[in-house]
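Structure first, then comments.
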Amino acid sequence: MLPDLPLHLPPLHLAVPLMAAPVGVLWRRPVLAWGWAAVVSAVTLLMAVTTLVTVLGHGPVSYAVGNWPAPWGIELKLDILSALMLVLINGIGLLTVLYGRASVQSEIQASHQYLYYICYLLALAGLSGMVITGDAFNLFVCLEISSLSSYALIAMGKGRKALTAAYNYLVLGTIGATFYIIGVGMLYMVTGTLNMADIALHMQAAPVNRTEVVAIAFLLVGIGLKLALFPLHKWLPNAYAHAPTAVTTFLASTATKVSLYILIRVFFTVLNGAPLLASHLWAEMLVPFAIAGMFSASLVAIFQTNIKKMLAYSSVAQIGYMALGLGFGTVNGLAAGIIHMINHAMIKGALFMAVGCAVLRIGTSASGAVRVESWQGLGRRMPLTMFAFVLAGLSLIGVPLTTGFVSKWYLMMAAFEKGWWLVAVLIVLSSLLAVVYIWRVVEAAYLRPALPGSDTSRCEAPLSMLLPLYLLVAANIWFGIDTRFTVDLAQAAASALFQPVTGLNGGAQ
Amino acid sequence: MITMVTLIDLVLFTLLGITAIAMLRIRDLFAVVMLSGIYSLVSAVIFTDLDAVDVAFTEASVGAGISTILMLGTLALTSTKEKTPRRQSWGALLIVLVTGAALMYGTVDMPAFGDAASPINSPVTDRYITASGEETGVPNIVTSVLASYRGYDTMGETTVIFTAAIAVLILLGSARTTDAPVTPRPATTRSLELRPILRAGAKLLIGPILLFAFYVQFHGDFGPGGGFQAGVIFAAGVILYALIFDMDRARALFRPAVTRPLIALGVLIYAGTGIATLFFGGNFLGYSAFNPHHPAHGQELGIFLVELGVGITVSNVMMTLFFTFCGRRRP
Amino acid sequence: MSWTSLIDHAIGHYNYWVCVVLMMLGFYIVIASGNLIKKIIGLNLFQTAVIMFYISMGKIDGGTAPILVDPEKVSGPVVYTNPLPSVLMLTAIVVGVATSALGLALVVRIKEAYGSIEEDEILAADRASDAKEQAQYAASAAQAAKTEAAQQGHA
Amino acid sequence: MSLLLDCLSWLLILTGGTFCLLGGIGLLRMPDFYTRTHAASLPDTLGVMGILGGLILQGVNGGHWMSVIKLSLIIVFILFTGPIATHALTRTALSHGHAPVLHENRLPEQQPVKKDSKAGRKRGRKK
């Protein structure tokens, strides 16, 4: 008897990459391992798109694992936002696998490449698992799958600094995860359930309780650490700078986004309608941190000589924008945050991919290849790569006709709607800082002479890397001009999140 | 209300606090590792006292056993002294004090310890206690919740262990490992071989340890235990053999070529059981579908299978971890 | 609040307080210690304390371990301690040992790469190599600019 | 019969407890590694055996035969592991040149409580 697969898609989003990883032990040859990862990513992307279509057509999906109804069993819950996240994660995943073959070949020793792909599949499984689950503790388990595999992926970077970066990420990430389970434990203590919607129902009914307040604070700090929200971002720049470029691309465009997704879940599903949220204090508390992050991280980025590190600091700043969207605490603000989350995944994905192309061809030491000086004269040597970098950079700055402009536009609209004029001005000002640091790279590549002794012959990255790169750049332009898809979806997702939670088992909307 | 349990609890908790403070102050890492083993053991006693026998079992075998061995292996490869004097880090102290104060503030509204009326003893728990016996046919509620009601979590847990093994193989699995027999072997190992009493004692113990592992694996439905504890105990038996007799001989018995595929196999058994239920018409991991006429029998079969998967993965991961850490040559 | 109720409160929350103190001891070791192994040990301490916190909340006075007993063998109803925290914490222990194994493997590799497991020494080594690289690249960039200027002057 | 068993069991438990306590005191008060190991092995053997023996009698008294069997097995295992562990520990110490502090090689001014192992080892080698 064949199962009705579309009906059972929710658990398969986790189970398929999770089972593909151990099977991957069999394919030791790098080509086979790569092919396997690519096939699995394509399948999961297909599943994710199917789920998104289903959710858009028929409303949120709820799935009782093991036939145990929530709150006794674990419930998987897919609404528009989680389906959107699934498409984002798996889409970026497929692109980085396709892109990563040449990059991984040059940066990771051949005997370890199959382990790299296994770890990638595990990270994919963990991230998908976090997005689909409706259970607060199950989220922690999936978080650990993705975290452990990310630590290993980062440690695979060339050079010893990758090891210390992975170690620091491990320590801070574990503290974050532990804070998260302390928070979940306290919520469980006062509500007696682990199902997010069920927790929300209990909290709606009960008066404000000091244990709940502390629990939410711990959840915030724990997720903030994983999200690298300023000032909890200390692990991120080094981790991104020293990881293999394919890993940086994947993590920068998915891992922090999923952390933001958890934050949204806590604010809008767990705290849904609870007396705690009445003052919107929690969301607004994010605003000062978000703005401080936007400025301080951008300023630090300006003074970086390591391009990967510069982009990593820029990520911290961009996380500030997303958190700011959440901090408005309005439907439009949340929508703006979600829009920027999607757009930033595309922007940073493209930028890091371009960096990877350059690293492949410059080919000095791990840290040498990403120094601004090494990039001098690169405009003539790798015109296509640099052109992509410039386009993605423009999108990061927020020039009209790019996705970056769209997200900043909606953020400013949300600020105006709230009457926060100063915040709107600050958004523009901090975007100017991005001009400075992107310009430094562009200047080096196009206007400065190449370093003595370096190869100046024209040498473009292989097509297998350029194609995914240009696909993302094209997406940046496409969604910058035709904003319907992202904006409509984000607004639908945001307004769905503002619906009160009224019951379990799919009755959330 | 002061009961005997509360009293024992108070004493043990105080002991735990003292151990933790000693761990903070001592700079000899060897002593700190030993203290952390003691800390785990005392925690295990407290867990038993608090009726969490499965957790106690796991903490004793993992915290006091495997963790300590891994740490000792690391010490052997690095150094046993903490060089930098403990910095008087006021920033760290401030962070910790603020966090601690927040937690203390949070305890104010917590239900009292041992209170049967506290919210966590809610309908969710009620069903586990009253209905799990009939629904799953497994008397140990922890096992039935772990493997069935929240089996999806446990699948994730098995994957976490698998991930750790892959990660450790990435980091330590090549270059410096001693695949060929090391010559000459360090003096301590050789002197160990000359110890008839130790060897005789170990010979007598290893058999029962391995047997006990199987007992724990298959008796986990009825008493404390299950795949995870069984896996750790089995690995502990092998580790004992490797420590006292010979690393190379142990590795020849449990070759990486065998253990590594088995790690993957365990995860596949678990997730495969989930997929199999789909073919029987149930939801993912809905074991009842295995036997539509007697759902409880289906549950028993499913729980047996996934526990087997957990046991296979965990035992092989633990052995792999041990061999990778302790097989690495000192730099 | 009367004295007796205060004492009752203290006894009812002593467990949680000790757990908090243990958590904070572990947390302090993690963030204040400069030794990489000790940090991992601190993480273990922290996590074990959290486990204890969960298990404490599951305990019921007069309860017994959540393994069903044959109702015919005992007289009267049996109170079982809450099994759910145990289940959750079994998972947490596994996650904890996985994390510390990975952390320790990283420490071994760091020792091999840097020759040290002290945070200060590693930072110093990194700083030294950074400064060297910085100087090297600054020099070559300056040289490149000079050559370019000379070429333009020549033209 | 049952009263007799009960008394005997409590006697055993108390004896075991006393040995454990003595072991603890000895661990703190003894001068050097070897004597301390000796003290530490007391709770491992006599202490545990006393307490478990007492518990076995309780089990016999109450008819919990499963517990009696399990407790007896524990005694057997502890009887194995305790002395072996102590033996391995002391032999390793001895083979690493850790000499016992004997009466004749203790300096008169040295406090017996401050067992300085390094000083002890040096003098041990001289001998």
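We call the chains A, B, C and D, going by the order they appear; numbering starts again at 1 in every chain.
By definition in this document, a contact is a pair of C-beta atoms (placed from the backbone, for glycine too) under 8 Å apart; a residue touches a chain by one contact, two chains touch by 3 or more.
On a predicted model such as this, the values are computed, not experimentally measured, just so you know.
When the C-beta pairs in contact are tallied for B-C and for A-C, the bigger tally goes to B-C. Once CA atoms are averaged chain by chain and compared with the all-protein CA average, the nearest chain turns out to be C. Averaging Cα coordinates per chain places subunit A and subunit D 57 Å apart.
Chain centres here are Cα means. That of subunit B falls 17 Å from that of subunit C.
Centre-to-centre separation between subunit C and subunit D, using Cα means, comes to 36 Å. If you average the CA atoms of subunit A and of subunit C, the two centres end up 23 Å from each other.
Counting partner chains per residue, subunit D shows two or more touched chains at no residue at all. Touching of two or more other chains is recorded for residues 23, 27, 40, 57, 84, 88, 91, 95, 98-99, 102, 106-107, 109 of subunit C. The set of subunit B residues touching two or more other chains comprises 103, 107, 110-111, 118, 120-121, 124-125, 128, 150, 153, 156-157, 160, 163-164, 167, 171. Chain pairs that touch one another, listed by label: A-B, A-C, B-C, B-D.
Against subunit C, the residues of subunit A that register as touching in their complex are 137, 140-141, 144, 148, 151-152, 155, 160-161, 163-164, 166-167, 170-171, 174-175, 177-178, 181-182, 185, 188-189, 194, 305, 367-368, 371, 373-374, 376, 448-453. Those residues of subunit C whose C-beta lies close enough to touch subunit A in the complex are 23, 27, 30, 36, 39-40, 43, 46-47, 50, 53-54, 57, 84, 88, 91-92, 95, 98-99, 102-103, 106-107, 109-110, 113-114, 122, 126, 133-134, 137-138, 140-141, 143-145, 147-148.
By the touch rule above, subunit B contacts subunit A in their complex via residues 102-103, 105-111, 118-125, 127-128, 148-153, 155-157, 159-160, 162-164, 166-167, 169-171, 173-174, 260-261, 263-265, 267-268, 271-272, 274-275, 278-289. Residues 1-3, 8, 11-12, 14-15, 18-19, 21-23, 25, 63-68, 71-74, 109, 111-112, 115-116, 118-119, 122, 125, 129, 135, 137-138, 141-142, 144-145, 148-149, 151-152, 155-156, 182, 186, 188-193, 202, 209-215, 217-218 of subunit A are the ones touching subunit B in the complex. Listed in rising order, the residues of subunit B touching subunit D in the complex are 188, 191, 195, 197-198, 201, 204-205, 208.
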